[in-house]
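Both of the next two complexes hold chain A, though its partner changes from chain B to chain C.
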Partner chain A sequence: MRGARLALAAAVVVAAAALPFVAGPFWMGLVTQMIVFGLLALSVDLLLGHAGLFSICHGSFFAVAAYTTAILHVRHGAPTLLAAPAGLLAGTLLGLVFGLAVRTRGVYFILITIAFGYVVWGVAHRWSSFTGGDNGVTNVPFPAVAGMRVESHTEYYYLALGVAALCALGYRVLIRSPFGLALRGIKGSESRMRTLGFDSNRHLYAAFVLSAALASLAGVLYVYYNRFVNPVAASFPVSVEAALMAIVGGSGTIVGPFIGSAIILGLRNWVSSFFELYAAIMGIVFIAAVLWVPEGLVGLAARVRGRAARA
Partner chain B sequence: MTAAVEIAEVVKEFGGLRAVDRVSLRVAAGERRVLIGPNGAGKTTLFHCITGTLPPTTGRIAFFGQDVTRLPEHRRTALGMGRTFQISNVIADLTCLENLMLAAIGTDGRKWVLHRPMVVFADVRERALAGLELIGLGHRADETPRRLSYGERRQLELALALTARPRVLFLDEPCAGLSPSERVRISKLITDLPRDLTVLMIEHDMDVALGLADRVTVLHQGRVILEGTPGEVQTNAEVREVYFGHG
Partner chain C sequence: MTTSAILQAINGTSLAALLFLVASGFTVTFGLMRVVNMAYGAYYLLGGYVGLSIMQATGSFALAVVGGGAAVTVFGYLVDRFLIQHIGQNHLAQVLLTVGIAFVVGDVALKIWGGDSLKVPVPVSLRGAMELPGGMIYPTFRFLLIFFGAAIAGTLWLLYTRTQIGAVVRAGVDDREQVSATGINVDRLFVMVSALASFLAGMAGVVGGAFLTLYPGAEWEILIVALVVVIVGGLGSLGGAMIGALVVGLLDAYGRWLLPEFSYFVLFGPMAVLLLFRPQGIAGREA
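On to the complex of A and B.
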């Protein structure tokens, strides 16, 4: 079992490394996008799959980080070493503020995060002297650090892949830690956790800020891939789709959000090439996923394996 | 000597209903106190007020001399309160071992560790396993409570409270719904607890209650109607009236 998993992991690594040799620029761009949005979905799932909070404002952290990095590069000529960490920091600081939403639960939490998301989208959209309005900020350069410069989309793909892999490893440590176990405890029974001595609001707040930081990192990766950022990055659909990617792929797992991201972005690309109502198709896919495969594809695979093992 | 738990004039109202009506209690350290009373007497609500699940409407609650009336629940746990719930409240998605490991770290700083896996803390695992052994579930450490019987979940509930190493244990009907053999086992387990652990227990079963108690408090319609030794309570006419009905 363990050997099979190692072999699978090795196959994935080899395939990921070899991909640019077989796929053209269009496919490389799409796969990079899948990685970036997979990371965003992973950040949402720290709250959704582990702490039991359904946040719909992660597009905000993603966009604020992207805007910060883009503006520092384009208007101030800042180096990557300043612009990228500043983007990460700005999104995380916003997370410190929006994290106050953890004082509420359930539908109130969802509504507050939606409202937060609209505030950020409204600022991006309307404060055009600073954000560039609907046009956004364009001509963001590829990242360059100490003479090392990303020159092509293929090189950027490797960078994004490396960052995502490191994040996945860090995430794995986090969810196995006492802190991660406590989050799952709070998801399971908050009243029990409080009587065991856990200050559930503080744990959830910390999880929210960590999750915002990861979404911000995804935002920084996004802006270098996209080379521009506009209010779409902060829009409601981005936040909702990030959650749906996690659900479709398999909430509460690490590969799930990435698989979900690949499915949704792949499907959107394919469907929208011949069908204008792709948003409607996506909606139907989401409904089907929630109704029939609520545990996501990873969960479905486990269920099928379990059935095969029993048979 | 300071009392382990001392509450004065505690009132809890829900809308117009006065569930707990000016209750005062003093439980000495090391004492085993049983609260009895008919359904709706306010026993569980009183527990909620003492352990911080619900804030009292008025009144004062002291724990080993310290005023905890306004302290949140998790801080009271850190001071040494531990409790079980009337309806089993265990974390169904985690394994029994993980449930108890959380109980073991709930009041120490390691609950904030996020860069090391839980498995490296061998002492936490030991404590959790010891808690499972205590209730005879050592062999089911890696199963989730979903697969346990009702009675086993009740026992896991008790193990959760004990693994947190409380100074005062609040048990809300630990034997409710158990089979006769499980009931004997749990009663024995509670009887065998170290004597320096103060125990407050709500219990409907008079045999269990009177066998365990140093002193008994009888609640009726939110008020204390009697406090005394098990013998005194058993022979009291008023208690027989409200508790056992006419006859």
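On to the complex of A and C.
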């Protein structure tokens, strides 16, 4: 079993490294996008799959990070070494503020994060003198650090892949740490964890801020890939689709959100090439995911394997 | 300055009337069945578009209002019966499911009615402006909307507090199992309440379409503001929805007037502060 998993992991690494040699620029762009949104879905799933909180404002951290990096580059000519960390910081700081939402649970938490998310969208949309309004901020350069610069989308793909792999490793350490286990405990039974002396609000707040930081990192990666950012990045569909990706792929796992991102973005690209009503198709995907694969594809695969093992 | 301030107060109150129509359904269906229905914005838009088509075909505004509401009632019933009742009490599933429904409705509506901003024509007798006491000129339709909203709110309030059905609904909000145990079919009750809520949302779409216009994306804008109304007022409370609608309507009107670029802050900032001190809203109870 362990050997099979290692072999699978090795095969994925080789395939990922070899991809640019077989795929054209269109596919490379799409795969990079899948990685970026997979990271965003992973950040949402830190709360959803491990702490039991359903946040619909992660587009905000994503967008604030993207805007900060873009504005520093385009208007102030800042170097990547300043602009990228600044974007990460800005999104994380917003997470410190929005994290106040962990004072609530359940439906209140969902509704409040939706409202928070809308503030950011509203500011991006209306404060056009600073954010560029609906046109957003354009002409963001590729990243360059100390003489090394990304020159093509293929090179950027490797960068995004490397960052995502590091994040996935860090994430694995985090969710297996005592902190990660405490989060799982809170998800399972908050009152019991409280009785055991855990300060659940403080744990959830920390998880929220970490999750915001990861969403911000995805935002920074996004703006370098996309080369511009507009209010769409902060919009409600981005936030809720990130949750959908995590659920379709398999909530509470690490590969799940990436698989979900690949499926959703792949499907959208495919459907929109021949069918006008692709937003309606996305809606049907939402409905179908809830009705038929509530535990995601990873969960479905585990169930099928379990059944096969018993048979 | 004072004239503008008063005009904004009237603007805010008429917006509040509209918001109440959308928020009241959301809050009571949530209170009764713990169902989070994010498709209410789409119900609003759908009702507005259907009403617009009826108006264009028949020329009757009253028929458009009733028809828009009726169409959404049927649609809402189908959604409740065949989708929402299958997924149980899981809020995450409810949100994703109803967001999906809203996406489908929005996209199909875009295909049928197009992407332009459309305005439901107001009947001739309500067109134009009227002179208010003090010499102010104000659009007749928007002014009358305040009374329309107040009449609906009053009717709902009487229904909720003074009738037997209202008493059962209130009891259901407090303790569903207990009501169920007395032999009342809570599921059927929910279908009735939900149908009324859908009707109100569809009707709000026609009325709102006459002064806010209908366009793709309007479903989310109205939903989010209605959610703020519900959060401020307290989930499950009809009285809270009334207070919340007034607070949000007035804040929005003054925000747009005084700080146009930050009007969203003006709307959501006080909500965030309220939350810190009273997470359950003004009139809500612990969830």
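The criterion applied here is as follows: the second predicted complex is superposed on the first by the 311 of 311 C-alpha atoms of A that agree within 3 Å, B and C clash if a C-alpha of one lies under 4 Å from a C-alpha of the other, contacts with A are read in each partner's own complex, and residues count from 1 in each chain.
The rule is simple: a contact is a pair of C-beta atoms (placed from the backbone, for glycine too) under 8 Å apart; a residue touches a chain by one contact, two chains touch by 3 or more.
Note that the structure is predicted; figures quoted are calculated from it, not measured.
Using the contact criterion defined above for the overlaid structures, shared-chain residue A:294 touches chain C, although it does not reach chain B. Of the two partner chains placed by superposition, only chain B is touched by A:197; chain C is not.
Of the two partner chains placed by superposition, only chain B is touched by A:180; chain C is not.
After overlaying the two complexes on the shared chain, residue contacts for A:275 are found with neither chain B nor chain C. With both complexes superposed, C is the one of chain B and chain C in contact with more chain A residues.
By the touch criterion defined above, A:243 lies against chain C but remains apart from chain B after alignment on the C-alpha atoms of chain A. Of the two partner chains placed by superposition, only chain B is touched by A:189; chain C is not.
Applying the stated contact rule after C-alpha superposition, one finds that A:107 touches chain C and leaves chain B untouched. Of the two partner chains, neither chain B nor chain C is touched by A:26.
No residue of chain A lies in contact with both chain B in one complex and chain C in the other.
Residues 30, 34, 36, 83, 86-87, 90-93, 95-97, 99-108, 110-111, 220, 224, 227-228, 230-231, 235, 260-265, 268, 271-272, 275-276, 279-280, 287 of chain C are the ones touching chain A in the complex. Across the complex, chain B meets chain A through its residues 51, 53, 72-74, 77-78, 82-83, 85, 89-94, 98-99, 101-103, 105-107, 110-119, 121, 124, 160, 164. If you check the complex, the residues on chain A that touch chain B are 173-174, 176-182, 184-185, 187-189, 191-200, 203, 206.
Within the complex formed with chain C, the residues of chain A that make contact are 48, 54, 56, 100-101, 103-108, 110-112, 114-116, 118-119, 121-123, 126-129, 236-237, 240, 243-244, 247, 276-280, 282-287, 289-291, 294.
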